[in-house]
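Next, two complexes with subunit A in common: one pairs it with subunit B, the other with subunit C.
For the complex of A and B:
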């Protein structure tokens, strides 16, 4: 029985009407998660009512919904204030030009606060830059380690030493180095962005290195023999034999790394003061208002949702790159 | 974000062009060496040149006394000076100071002791100066419910059945003794080693006979707990209510809204405000690095001008604008606490025990009583307390105190800003001290909780008057 996919429908339009078996499968795929989520919401709503401390009540689903609409409204209000800000500048510039038509005037960037949605954007940019840079370092390193037994023996203790280090332990050192080294009168990136990015890099490097090394060292003997027989040059050997064969494990490493990168970023932003989701959570905690816990919960859910999306994107990438179409990829 | 990067490139060239075109900087001549004469150097109207750096980023901590910054932004006083300011909340005082030092922030809302501590090298060493005092008073000391119940037995009650204020630490002393006998350490929190809260808490404890501990930085001991009856440690303000609820600390000294938060949530009782410990004490200042100030003199003066106007607005018409200020501060990007919590202290009442609301009209003073003028004597008081508790490891002559105060506190820059405002007609000369005669030293003050008189010109003699505290060349 063929799966009901878009391609199968286009090849055979008569098959548009699903069979009962296919309906059941689809139903299961949609209904089961829905039931689980509804159950979870019900439990959350009741548990939240029970957790009422002197420091505040645990936010329930209703509160979280209310706060998320507030955040969207605030974003829209801020965009309006930005429009007014630019309008004021235009008036001022017109006055300056009226007095002196030769004067240099410009519209300065908006000075207001970054809204929740801006902060989500900043976090995404930071995590993707940190992850990409980390992957550029980790994949070649992993391949090198996997190919050569002696390099592996030499480098393994160092990897195991640095792997468990928490981002918050790296942060003061990274901040110091960035402050001393990244000195410029007109920087393209802010120091807090570089600090967060480097911290993410240092922490999310390791799963990719290890998994790539394992993948490379486990390439099937048959394939290695083929390469020897054909006397392939090193680079061809790497790109045509090693990389495609170790892709599954490499991608496992990349997915793990991305997950860790996202987690680490939130912690790093809290202290590096990069204007992202981590800072949002920390600022709300400092506010201590009656809305704060609800807003933090919104941030928690958004962080989780974005993590889920990132993981799914990696999975999609893996599916499109992998040569073994029959492999099961979850 | 992308726009910002593009504009930065666009700004750099025209800014350089504008600077060369404009050309004029401040023309205040430096004359005689006496402080009064230096500050009296006249500035003719309109000679403050355009800002060298119009795009600025200032940091602050989420406390109600960052109000002058918020008001200067929201009421567009910064924009009037041609400054485009972004205000950014910081995680804690250490991160704030580090970011000012390494240039990520152009300036910040700072504790009055931070520029002094940084310049003398207690903590990260850096040259920080201040030309603007942001407010007076504004702190309180809160104890946990359990400690309050024990204290209440010793506090005399007034005829109305309520405790007689001010509540001295003498009534806390039996409680601390009881804890010591039971082998439990009596712990209290304050916000930073060189914070006003640390010195006020220590002053109050010492006046009641409780030893708050010494520092010994030359021996590497910066815990401040040598010989202590009460163990003081650093806790960030937002974590104080939770930490006290958990029993890790039994009390804390912090600014608002964290004392009123404790009352609202029923987890503690404020016992005294710093207004009662030292009437009209200096609290926060606006600090910038010396290097930044030297590079951007016009910008600095313009910033001070905008903030003077903001401070005046806050105290105008007998605090008539305070409710609007409370509304601004309750926004999540400023202080963010609930309006009701902020409103108390900002509008002149303070709730001690739940239901015991008293009028403290000068709980927060932003402009009255020359609150914005950076007095040398204020700097000397902080330096004297640093010596009293050992943060300054050796005895220093009175002249050292004077030199440090003059290096860090800059009333000359303040005077230029004030005179520019007077010349523009935005403020009048009566709003400010008489710049010709002002020496920067307040007359001797005695409105302290222990009635000891403070004369800013004689710090070593002042230190001799205390029962608890290092004197002369004593070491902890």
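For the complex of A and C:
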């Protein structure tokens, strides 16, 4: 039975009318999660009414929705204020230039607080930078470990030692090193960004290294024999045979690493005070207004949703490079 | 001239937990250029090991292999291998699989247009020119094996080594591929060593059949010269007395090995085996 997808409809418009079997399947796919979500919302609403904290009642779904709209409105207001600020400066500059065409005028940047949406953006940039840099290190390292038994034996104890270390333990060390080493009058990146990024890197490196190494060492003997008979030079062997053959396990590692990176980032931002979602949650907590818990709950849901989107993106990427038609990618 | 490819006192020991395991013992074989030699024997007698040593994928513990009077102990495209499991790269198309070999062997020697022509020519030899852009998971087992053969031929090898190339295929496909192989051999005149389990295949295709004794310490038991004219047509040969005689010889060798030691010791079939290996066979039973 062909699945009722957008592509199947566009290829064959006559199939727009779904069969009862397809309708039933679609219905199940939509209704069952809806039922679970409704049940969850119901339980949440009732449980929230029962919990009274020092910051007010635990936020229920309604309050969280209200806070999320507030956050969006605040962001829009802040953007408008920024536009007005720049416009005012331009008017003043025009007046100055009218009086004295030689005058040195500039537009000063807006120094308002970053809004929730800005912070989401910062978090995303930080996590992607950390993850990409980690992958650039982890994949070659994994390939090297997988190819050479001696390298594996040498490096394995170190990997096992550093893999379980929590980001909160790395943070003080990373902060001190960055403060000492990253000194510049006009830094391109803020220290907190570098600190968060490096902490993410140190924690999300390991799944990619391990899975890549496993993938490389499990390349079929037949393919290795082909490479030997052809006397392929080392780099050709790695890029044309090893990498494509170990791509599935490499992607497993990358997906795991990205998931860990996102989790680590929120913790790192909280302590490094990097202006992202982690800092938002921390500030709201320190703030202690009656809105705080609701806003924190919004942050929790947004963090979860973004994590889900990141994973889906990796899955999409994996599907687009996968050559193995028999593999089921979820 | 019988000295194109020479196996001289080839023996190999594999290290095991119980000490070295001698898989092959003093294998001596001379092969002339353009000869088609089949290697036949029971499972586990070391046929693949012999082939791997000639290919350079294993190193002999004693003795060596000489190709055109030069020793070979490393793999190389001049001894191209057709593997039992086609070993095509699953992420490349048929064309690209052959291209990988051609680019490696003829880099700097052929222009891009010449390479393309050469690749298509080799795929035509195996009748796969219609499936250039298909991936291995889109073609059948027989077609995959054909592409494997095309890849090996495209390396213009001095010796073509085939490890039970048709073992995984059904009888009809096997028949087609055997005919293709005979055509190619007649056309190119290349030297071929083929491992097979199939007695009919061995008699149909080969100039000589090398029959190996059982492992461990396997060696060459008997060599049969197949004096049938080429081109050989299987349907005509089915009734030919000489064909049946050769089949009988091979079957007798293979199945007499299963019988009791005393009979093997007195049988004239073992006259070419060294006396020490007969004694070892006696200990086996």
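Criterion: the second predicted complex is superposed on the first by the 308 of 330 C-alpha atoms of A that agree within 3 Å, B and C clash if a C-alpha of one lies under 4 Å from a C-alpha of the other, contacts with A are read in each partner's own complex, and residues count from 1 in each chain.
To be clear about the criterion, contacts are C-beta pairs under 8 Å (C-beta built on N, C-alpha and C of every residue); 3 or more make two chains touch, one makes a residue touch a chain.
Please read all numbers here as calculations on a predicted model, not as lab measurements.
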* Looking at the overlay, what does A:190 touch: subunit B (first), subunit C (second), both, or neither? -> first
* To do: Report for A:175: first if it touches subunit B alone, second if subunit C alone, otherwise both or neither.
  => first
* Touching partner for A:106 - first (subunit B), second (subunit C), both, neither -> first
* Asked: Is A:288 contacted by the first partner subunit B, the second partner subunit C, both or neither?
  -> first
* To do: May I ask you to decide whether A:54 touches subunit B, subunit C, both, or neither, giving the answer as first, second, both or neither?
  => first
* Considering only the touch criterion stated at the top, classify A:121 as touching first (subunit B), second (subunit C), both, or neither. => first
* Identify which of subunit B and subunit C touches the larger number of residues of subunit A. => B
* To do: Applying the touch criterion given at the start, work out whether A:222 contacts subunit B, subunit C, both or neither, answering first, second, both or neither.
  => second
* Tell me which partner A:129 touches in the superposition: subunit B (first), subunit C (second), both or neither. => neither
* Where on subunit A do subunit B and subunit C both make contact? -> none
* **Parts of subunit A lying in touch with subunit C, wherever the complex brings them together** => 222-223, 225-226, 228-232, 236, 240-241, 244-245, 323-326
* **Partner subunit A, residues of subunit B touching it in the complex** => 1, 3-5, 7-12, 14, 17-18, 21, 54-55, 62, 73, 79, 84-91, 95, 98-99, 102, 104, 236-238, 241-242, 245, 257, 261, 265-267, 330, 332-333, 335-338, 341
* Asked: Of all residues in subunit A, which touch subunit B in the complex?
  -> 54-56, 74, 88, 104, 106-109, 111-113, 118, 121-122, 125, 175, 179, 186, 188-192, 270-271, 273, 275, 282-292, 295
* Parts of subunit C lying in touch with subunit A, wherever the complex brings them together -> 55-57, 75-77, 79-81, 83, 85, 87, 89-91, 100-101, 104-105, 135, 137, 155
